[in-house]
Every structure is written in structure tokens, then in C-alpha cells.
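Shared between the two complexes below is chain A, which pairs with chain B and chain C, respectively.
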Partner chain A sequence: MSDDHPTNGLDDVVHQKHRLGILTIAAESKRVEFGYLREALDLTAGNLSRHLTVLVDAGLLTMEKGYDGKRPRTWVGITRSGRAALHKEISALRALVARHDS
Partner chain B sequence: MSDDHPTNGLDDVVHQKHRLGILTIAAESKRVEFGYLREALDLTAGNLSRHLTVLVDAGLLTMEKGYDGKRPRTWVGITRSGRAALHKEISALRALVARHDS
Partner chain C sequence: MSEASELLDDVDALRRKARRDGRGNAFPLLLFGALILVAPLCYRENDPPPPGKWALVDKGPFPLFGSGMFSDLRYPSLVGWYWVLAIVVGLAATVWWYRRRAQQVGLEIDTRKQLGVVGAAVAGFLLGVPLLTSFVDTPTTLYSTPEINLPILFGAGLLSALVLYWSLRPHRTAGPRAAGLFVGLFLASTAFAALGIYLRFGFAALLVIAMAVLTLAWLERSLLVAVVGIQFAAAALLVNLGVLASWNADHRIVVLGSLALPALILIVGGVLAAVTERAGRR
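So, the complex of A and B:
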């Protein structure tokens, strides 16, 4: 019975609201720029960096530093594991919403 | 733009996976017993107590201690604010799932 409830299928690394936002946005394109994420999720640079580190360390994202002209840029991409983890989270959330609506 | 992303509408008090589980189950009936929650969410008594305290302090749940025969029991009920907060969370999750599926 303990595995039945949809929230038991949630992983804190992915479920945390800002990390869930980062992964959702990263899943929508090949790569996404740090500043874009910061603005879209209304985060400070430090806070965003910390969450990105957690996701990179978990193998869910890659980070690449480079230049756009002379401006330094950080690009973030979702890994295959990241897509799988997000898919699992979204499936659990879908089940939770369905249970709530029933 | 910063308010557009569905995860920006999530509140950490409600979004945390175990608290989300507690609120979802509490919303399904008039009151729910501590041991039932513990088993359904696969939590230790200490961990469940800590999350219940956060939710009671936020005004989202009430806790009532009593007896079932000679056995002490703790009953948990969701408040009107709790239902509203859960509804807001579920709406944001629904938007997130829809965005992911689109």
C-alpha cells in the first residue's frame, strides 16, 4: 500500500519547485541560457547556480560555459537521464492531479 | 514574464512531497488518523509529526488528540485555508503538466 500514493513516486531532487522549473524549461529546447532561466523563474544568480549544481551533480543537466561575442554565457542542457527523471515526475503529478479530481 | 512559469505559483509549504501527500489525503475525508497517514506515505512517526507541525502552524491542518477505546489517537483534518492552498497547488501542477505535454 505504501507505494500506492502518487507523492511516494516523487524525487526531491526533481520535485523541488525551482529545479522542477529548470528541468521543464530545459526540456523544451536543445539548450537554454542562464540569464533566461533566471528571469523566467525569478531567481537570483546565486540561487539558480545552487540548483543547477544539484541537477548537474545528479547527472540530469549539463552546463557549458562560452561566449556570445565578448559576453560570457552559461548554457544548460538536459541529459537523457534528466528527461527520464522529469518524465517520471510529470507522470506522478498527473496521477496526483487525477486522484485529486476524482 | 517571471510570473508566467507554472512553478512560480508553487508554495514550498504545500509543494514539499510529503506535505503534498498529507494534504491530498486529508482533503479526501473529514478527518484522517495519524497511523493511516504514516502507512500511506511510508513515513516515520517523527518525520510525519514534523510535517504535520509545519502544516498546522501554517493554518492548513488541525490536529486533535483523543482515544479510540483505550488507545491514544491523533486525528488530522484539513482547514478551509488548507483546501484553498491545495487547490492552488493542484492548479499550478495541472498547468505544468499541460505545458510539458504541449
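So, the complex of A and C:
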């Protein structure tokens, strides 16, 4: 496999269906709520928490906890690094598909 | 390899869903439409001066957001302040609306870009026009020297678009991004200032609202708002060129005649957006 093979552009942190989904939704918004992500990605709260922790630890997301009245809410926002990582991952996936199709 | 295709399909589906759920454009369209429809009430005519007396012409605090071709308004300052406050209140209410909506839907779109573009337009029209007129030396005026003003207008506009595009690329780091945004918005203000030179009818606020609607279409990736925004921008341009007005009636009727079309475009667009949003929730 040569150095410029598209798979070299794939990032282990991002190259996972649900984490890619979280970043995609976060990139379309200023902030997104935990419950919205859980429903959109059809994940359990525990699974979503684990993916979010990985992405926050990698500096790709920020997390903000607060209250709406008495109801606790967790909001997630994407960082500049997160946008760059998502952009790179999508480009690598497209290159991979294009290489396969050609 | 099919895994890559599947991932891309999933990403596309999630992106479409997030964009659809983030849309809440009916409220800002209806609000700005209503604010435009109310504006004619401010254009009350002054009583004619007694025979043999002259009345001073007051153009109000913001000539481009003011009395325009009318020289006999009773409250020219009210007209200027109405338009400035309509923009400020309209934008503040839009930000409030998207925050309130985010609490219900769980997703909030980023309206900061809209504030940046509208800020550049307001700064260009209110501050840029006098600055440009005083800095650029012409044999007569900038209005009568398009060979000087048009290159400034189109040059600054094009450069602004390129610099802003460059700044907003996802991989751009914080420092160059901030510098690019500053330069891009400054160039955008300069382009608006050069455009303001040609706006003689006092309805520049409509063009600011047009920028707000077009930016909203971009933020929401909404075809409906884009179509509404383009139609509204065209109508706003016609009003600013004096095409829609007939000047032989009560000022409030004249202004209503001019503003009815742009206001109607926003209101019809808002109603369509509300119907689409409601259908999407079912």
C-alpha cells in the first residue's frame, strides 16, 4: 500500500460510524443536545456517553452541562480541530470510493 | 469498500436530518415582513410652511435609512431610528428564536455569521459612505464617477468573498481565520459603502434585511429561503432605485406602495416555511 493511499487519511478516532455521525450533526449546528444525538443515532445513553468522551478527549468536541428548569441537559459543540478531522475523514472516504469506482 | 460508501450515505442522511431539524426560518421571515409593513406609518408629511416662509430640510440621523427623496417629513429622525431599530430588534429576536427553538428541538444553528454579514452591511451604509466620500478623491462626486466607484464596489465585493471563503475553510487555524474574517468583513463593508453611494431613496435597510435573509438561507442550507432571499433582494433593489414608487400621493401611501412587494415576499415565504416545517414534523 503506497503512502498516498486514501486509507492513510482515515483517523481511528473519527473512523467509526457513530463518532462520524456525532461529528456530522455537530458540524451542522452551533450546539446539539445529548437527547437529540441519542435519538438521531439510535444509541443508548451509555454508548453515546462513551463515544462523546472519546471525541472530547481528542479535542474534537466540547461539552457543556446545564439545566433547563430542573431538567439537566448536556450540549455538545464541535471544535475547529473537529471540523478539520471530519473534513479530512470525508475527503478520505470519498477518495476511497472514487479509487474503487475507477 | 462498500463500508466507505455506506458511511458516506449515513453521513449524508444525518446531515440532511440535522439541517431539516435546525430550520426555523418562518419566524424571522414573518417578523421582518411585518416590520417592513409597519414602516410606512413613520412617513407622516409635515404641514406646508406658511406662505412666504421656508422650512429647513431635515434628512434625519441616518440618510441612507431615512427620508430619501422626501424633504417634508414631520419626523425624519423617527424614520431613521425605526429602520435601525427594526434591524437590531429583528436580529435580536432571530437569535432569541433559534435559542428558544434549540431548547425544544435539541439543535441550534449558529447565527453569528448572520450577525457578521449584517454588521458589515450596516457599518458600510452608515459609516462607510461618509468615510469613502472623504477618502476617495474625485473630480466631482463618487456618484457621478462610476469609473472610480464601480471598481471599488465590485473589487471589494469579490475580494471579500474570496477572503471569507479562505478564512472559513475547515482546516484554517484560529489566527489566520480571525485575521481573514476581519479583512473579509472590512472589504464587505467597503463594498456596501460603494453601493450606498447609489442609494438615494432611503431604503438601504431593505438591502441589509436582504443580506440577513440570504445569510440565513446559507446557514440553514434552505432552498426555500434562498429563493425568497433572491426575490426579496431584487425587490429591495428596485425600491432603492425608485422603480416601484409613484411620488404623487400621501407619503405613507407612496411608501406603502413601495414596501408592499418586498414585505409580501417575506410574508408569503414565511407562511410557506411554516407550512413546510409543520409538514416535516408529521
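For this structure, a couple of remarks:
The working rule: the second predicted complex is superposed on the first by the 101 of 102 C-alpha atoms of A that agree within 3 Å, B and C clash if a C-alpha of one lies under 4 Å from a C-alpha of the other, contacts with A are read in each partner's own complex, and residues count from 1 in each chain.
The criterion applied here is as follows: a residue touches a chain if its C-beta (ideal position, glycine included) is under 8 Å from a C-beta of that chain, and two chains touch if they have at least 3 such contacts.
Keep in mind the model is a prediction, meaning the values are calculated, not measured.
Superposition of the two structures on chain A shows chain C clashing with chain B.
Using the contact criterion defined above for the overlaid structures, shared-chain residue A:68 touches chain C, although it does not reach chain B.
Contacts of A:42 after superposition: chain B is touched, whereas chain C is not reached. In the overlay built on the shared chain, the residue A:17 is in contact with chain B and with chain C.
Judged by the touch definition given at the top, the superposed model places A:50 against neither chain B nor chain C. After overlaying the two complexes on the shared chain, residue contacts for A:90 are found with chain B and with chain C alike.
After overlaying the two complexes on the shared chain, residue contacts for A:25 are found with chain B and with chain C alike. Chain A residues 17, 20-21, 24-25, 40-41, 86, 90, 93-94, 96-97, 100 lie at the interface with chain B in one structure and with chain C in the other. Contact residues on chain C toward chain A in their complex (touch as defined above): 1, 4-5, 7-8, 10-11, 14-15, 17-19, 21-22, 102-103, 105-112, 170-174, 177. Chain B meets chain A in the complex at residues 1-8, 10, 12, 15, 17-18, 20-21, 24-25, 27, 39-42, 86, 90, 93-94, 96-97, 99-101. Interface residues of chain A facing chain C in the complex, by the touch rule stated above, are 17, 20-21, 24-25, 28-33, 35-37, 40-41, 68, 80, 83-84, 86-88, 90, 93-94, 96-97, 100.
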